[in-house]
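In structure tokens below, several structures.
Both complexes shown next keep subunit A, but they swap its partner, so subunit B is in the first and subunit C is in the second.
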Partner chain A sequence: MREGSRKAVGVETIGMTMRFGAFTALGDVSIKVPAGSFHALLGENGAGKSTLVKCMMGFYHPTSGDILVDGREVAVASPRDASALGLGMVYQHFTLVPSLTGAENLVISREKVPGIIDWRKERADLAVFMERMPFKLPLDVKVAELAAGEKQKLEIVKQLYLGRSFLVLDEPTSVLTPGEAQEVLGLVRDMTKAGDLTVLMISHKFHEVTAFADDVSVLRKGKLTGTGRVADLDHKTMAAMMIGDQPIAALDSRATPKPDAETVLKVRSLKAPDRTGLKSISIDDLGVRSGEIVGIAGISGNGQKEFLEVLAGQRPRNAGDVLVRGSAYGATRAEARALNVRLIPEEPLKNACAPKMTVAENISFRTFDVDGNGKPVSWISTSAIRAFSARLVEQFKVKTASLSSPIASLSGGNVQRAVLARELTGEVDLLIVSNPCFGLDFSAVAEIRARIMKARNAGAAVLLLSEDLDELLELSDRIFVMSDGALVYETPIARASVQTIGEHMAGHY
Partner chain B sequence: MTDTTSSAEAPAILGARAYPAALEWIARRAEAFVIPLAALVVGMVLFSLFILAVGKSPVLLYETMWRGGFGSWFSVQNSLSRAAPLLLAALCVALPARLGLVVIGGEGAIVLGGVGAAAIGVALSGAPSFIVILAMGVAGMAAGGIWIGAVGALRHYRAVNETISSLLMAYIAIALMNQLVEGPLRDPASLNKPSTQPLADIYRIGNIPGMDVHWGLVAGVVACIVSWVLIEKTRWGFAARIAGGNVRAAQVQGLAVGPLIVGFTALAGGFAGLAGMLEVAAVQGSANASLAAGYGYTGILVAFLARHNPLAIIPVAILLGGIDASGGLIQRRMDLPDATVLVLQGMLFIVILFSETLYGRFKAFNPDLWQRAS
Partner chain C sequence: MDATEIGLWGVPLAILGGAIRVSTPFIFVSLGEAITERSGRINLGLEGTLVFGAMTAYAVAVMTNSPWLGLLAAAFAGLCFGLFHGWICKFPKVNDIAIGIALMLFGSGLAFFFGKPFIKPKAPNLPAIPFGGWSDIPQVQAALDVNVLFLIGAALSVVLWWAFRNTRAGLIVRVVGDSSDAARAMGLNPDTVRLLATGVGGALAGIGGAYLSLYYPGSWTERISSGQGLMAVALVIFARWNPLGCFAAALLFGGAGALGPALQSVGVTQGYYLFYAAPYILTLIIMIATSSPTRSLAGAPGELSITK
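This part shows the complex of A and B:
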């Protein structure tokens, strides 16, 4: 089972349909992934990609439809069945145990582990197994000490070790640097070319699809909207298949920044402990001027979150200054209000909303305690809150069944729209945003980026922390790279190169 | 930005609304009525099985319970008297719960509130009764407020689990009371049951005219209404709801979460302390071990049944007061121990906790699911 020597299998779905109550998540989807091919699955959030692969992996039981493995109809009633057929999945987020070594992770992942493990024998077996793998990995190091790219390789190796020869990769590069992504996908493609592996990759990055995949299938609203050889399709055609004819918000053209623009945010020799308390983040000197977007790139976990928390007043700092318009800023409500500072953390439902409170209430978080003239009030008015939020809901096109719906019932894009409505209304001098488009669909992404650009053009100083390099390249005027808690590189957008930024992200300097 | 105020329900954005707003309003609120009510019924059915198992008739039991709790003017007054401290004890759970804290040590605040009130009452002996009763109320609230406020402060500033610390502090409070009433505050005349000196009659709180129920009931109802207004209608209440809904969102908004938590827990403890003061001034006449009568724990059940809504606490406390009041009658008529009602309370609590997992699951109560189907 675990020798990993099985030849690649081909998988086909026929008329796959999945209904949840009256809602059709997947309607009559047939895709064919021949043995030894690299197939990309494109689609927006909620298009049915994960429903489709969950049906293939036995997590869901489709309402109707069949699965063929190597041309034979099979029943996949559980993940265990899928595994017996050689079907495996690598998730977007790591599933390894950080405190164990690679070798330990591999051995304990087996379905049947002996009560007492003969580690000497296992190690010898693993060495033989790794001989045949294109991936070179240190298996005696704790997973926590591996780089993201190595962890992702280990996840793939784990699937191969478990004898799987058809792999679903769910956005495998979302946590990798461009260099790491290139390497991992390249190795995977070599294995498919050699006929050892079949891959179905969920992605939303067109350039990855073009560079590595043989075929592509596109889903929209649960339907297959297109399929074909990647070589025959350009990005524009694929985008059209993905989003249909819905309008995409155009980015405001970038207004030329004034040379004498005021520096709104100034961070000087800031030091703060990171979440482990073992390391610290230190920002020597960062300034953001009015009318510019300063992007901060970096792989997740290099101190961006901590930096944001310091700016939000959620994390104490050991030393240094945060100045807004020259005055010390401690992120109290009064200071934020007086200096027109807005902060939008990532994953807004988790970090910026009270999920069970209503849409109207959530939209009023910033203003419920003041009257129209900014004077504090003791009594809140439900009708004023409703009227205010109704206006913003309309202005920012928040789709909600009602103003009294709990905000958790909205889709991710609409939660983000509601938060933007709350934070971008009124005068904004400093806007701090973190991963604003994470997990959102195409049209929401375009619209939200357009809003940020609009705020910049209106004179706001914008600090944008993002793990999405494409987003930073699209929006920023200057880009910093954050690595190991410090800003290690700065480039104006005109001279920015993905290559150089990627190397700095990986800490290769 | 200014011209769209009137389009509160703009259909273009909100989607074609297939149902009238009034229906939505009712549906969203009905859930909080129907689920606890159903849980109550399920709990009573389960308890019937228990009664059957000991060979008694559940029908007779519930009939007796009704007669003992609400069957006569006498029993109604008895139930209302018991409801008075439950109202305040339940607020001690409900107010912190709105901030996301589970405080279960209201008993400690009741006990200390009683001792504090008794000590002040004795110390001020001779002053006008109006002044003494007011001072006793303030002392009781202060003692309870400091006690539970400390729980909130430990939670926010030192990350000490508030559930555990409030429970443990209740034990400390009871031990402290015993130490005080058996030591420095003891009335030498109290032989069998160590107590503080009895309050003079003019310092006792009397009954509501025409009823055999003391004024504590009114105090409790007023406290519930004040709490509701605080939570629903003031900016502090709104801020507390944000912090309770998601403390990170509250911090990002720059809300002063620490003072909110300490303030709300202190107020909650103050209400429990007031319950202790009322026990002393209206019922016992002095502070003694009877203060730890378990109201603080029944209050937890009341608050959860009321879903931490201060207005809902009023009927629930009266209901639980009735169940409590019927214990004696059940003992006499059915030859069951009076702890039988505690078994019922325990079962209800388990079912109530389970029913918390049902919210948002029923389409009838969730207008957000109505549209998807159509």
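This part shows the complex of A and C:
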């Protein structure tokens, strides 16, 4: 098995249908992925992409439909069957064990592991195996210490080590920098060209599909809405197949910033420990003026999260000042209220909501204890909370079964809409946002970006921390790059180049 | 004991002897807890398992006149307690810490209930090896009278340290303890692995209990354990889930526990009671010194409910 790359296999599904009760998650989907090809699977969240691949991998048993491997009908009843056929999957969330080294991860994931592991022999075998791999990886380091790109490579290497020759990649570049994404996909692409591997890549990034895939299939609401050679399709056609005819919120055009706009947020020689306690972040000088969006780019884990936590009052700082409109800001509730500071952290369900409390309660977190004039109330009125949140739910189009549903029962996009409703209502002078669109679907992303742009045009100073460079380029007026805990590069949007930003992100300066 | 003969030298000597004598139950309980916690679960019930193990070992030794059968019975009783904990915890929404506290009280209560008739009779002791034979100073001989369980414990900690890296079972326990998702993706059942790890942990705690009643102090009373089972949990955290660290930490705690009696033996008549509290104070100091509000514990298994 570990003789490594068997020749690529082709996989085909015929009339795949998957029903959960009355709900049809997948209806009669037939796609064909020939051996040695790079096939892209496009679709929004909930379009049935993961249902389809889970059927192929044996996690689900389809209601009807067949799977063909190399033209022969096969039964895939469990993930074990799938791996015996050489089918493997690289998940969006890493399945490597963080506290084990790369070598330990590879060896323990094998089906047959000897009771006592002879590391000298295993290491020699691994070295031989790695020589044939296009990726160069340190295998004696704990996985937790690897960069995201290296982890992603190790996931792929693991599948190849296990002898898989058909790989499903589930949004493989969502955690990578543009440079890393290019590199990883390029190497995978070379392996398919050499006929060692067949790839089915789930993605929603059109430029990746165009650059690397041979064929594309598009799913919408469980149905196959289009398939064909990538060369014959443009982005517009693919987008139409993907989202159908639903309206997409358009971005307001940028209002020209006033030249004398006031600097709302000022950060001076800020120092704070990072989560390991070994390194620290230091922000020398950052100003955000009213009516502009300042974007901060960077690879995950370079201190953006810590910086946000300092601004949100979740992390103590060792030195430095955070000033909002010239007065010191310590992120207390009173200060945030007085200075109109609003915060949209990443993973809003975890960081900005009380998941088991109701939608109405979550929407009222900023206002439940004050009356219309900002005076503290002594008695909390549930009817006022309901009326307030009913208005916001309507206004921000939050889809919820009822105002009293727990917010955790909402979809990711609707949780984010609810949080936006809470944070963007009332006067906003400073808005701090982190990865607002992570994992959301097309229409939610468009709408959320439109709301942020609207807030900017209304005169708010916006600080946007994001790992999605496309998002930063679309929204920001100025972009900073954060690397190793410091802001290392600044560029106005007019002169921003992905190339230069990417190099600074990777720390190549 | 007359320590005046060798003067103040008696203190370090007594601490060394005490460290070896007192540390053995710490070694076993903490190694057991390290295995359980490495699999991603905390068993706070080991205090109860320890006491029940002590009672079982003593009772069986009295009845069969063999300390070794007593030891086996204690390990078996501990295994049952561990498996019981692991079995309850596999149900959804069960909190392992709460179950642990319940089992701690249950184990001690059950031990007191069954142990009443065995408070009086005398059981045969586990054997010790006199490493101090070369010296004719009685204090040296006493300090170097090393029980076989101590040696087994020392060997076990090295074996476990090696096994966590070099055996399939060791790697599987670490995988399950660090990421349930990764374990499931590999086709491992985390609940089964944790069940077995908790069972083994319980068995080791039972052996620790057997040492208490069959060697030092060497009789069964209801106050036989002074919280060793609970302190061992703190000790595992201090040792960063490393079996060798557990051994070293157990020696340190044992030595601290021997400080009070040692001072007493050299004729300090006032304030030595304070030093009886040394292990507890040490626990507190270590926990404060090694915790931090801004960073997570290095080396902690990712699935552990206290570090999540």
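We take it that the second predicted complex is superposed on the first by the 501 of 509 C-alpha atoms of A that agree within 3 Å, B and C clash if a C-alpha of one lies under 4 Å from a C-alpha of the other, contacts with A are read in each partner's own complex, and residues count from 1 in each chain.
As a working rule, a contact is a pair of C-beta atoms (placed from the backbone, for glycine too) under 8 Å apart; a residue touches a chain by one contact, two chains touch by 3 or more.
Being a predicted model, the structure only gives us computed values, none of them experimental.
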**Prompt:** Here subunit A is shared; do subunit B and subunit C fit on it together or clash?
**Reply:** fit
**Asked** If you stack the two complexes on chain A, which partner ends up touching A:S409: first (subunit B), second (subunit C), both, or neither?
**Response** first
**Item:** Touched partner set for A:F368, first subunit B, second subunit C, both or neither
**Value:** first
**Message:** Contact-wise, after the overlay, does A:E104 reach subunit B, subunit C, both or neither (first, second, both, neither)?
**Reply:** second
**Request:** Classify the contacts of A:R333 with the two partner chains as first (subunit B alone), second (subunit C alone), both, or neither.
**Result:** first
**Request:** Have a look at where A:P492 lands relative to subunit B and subunit C in the superposition and call it first, second, both or neither.
**Result:** neither
**Asked** Thinking of the overlay built on chain A, is A:A312 touched by subunit B (first), by subunit C (second), by both, or by neither?
**Response** first
**Prompt:** subunit A residues in contact: does subunit B have more, or subunit C?
**Reply:** B
**Prompt:** Which partner does A:G244 reach: the first (subunit B), the second (subunit C), both, or neither?
**Reply:** neither
**Superposed arrangement (fit on chain A Cα atoms) - minimum subunit B/subunit C Cα distance in Å** = 6
**Complex contacts: residues of subunit A adjacent to subunit B** = 21-23, 312-314, 331-337, 343, 345, 350-357, 361, 365-366, 368-369, 376-380, 386-387, 390-391, 393-395, 397-406, 409, 425
**Request:** Would you pull the subunit A residues touching subunit C in the complex into a rising list?
**Result:** 79-80, 91, 93, 95-100, 104, 107-109, 113-117, 119, 273, 275-277, 315-316
**Prompt:** What residues on subunit B touch subunit A, complex-wise?
**Reply:** 1, 4-5, 7-10, 12-15, 17, 21, 24-25, 28, 233-235, 237-239, 241-242, 244-246, 248-249, 251-256, 360, 367-368, 370-373
**Request:** Going by the contact rule at the top, pick out the subunit C residues touching subunit A in the complex.
**Result:** 165-169, 171-172, 174-175, 178-179, 181-182, 185-187, 292-296, 298-299, 301-302
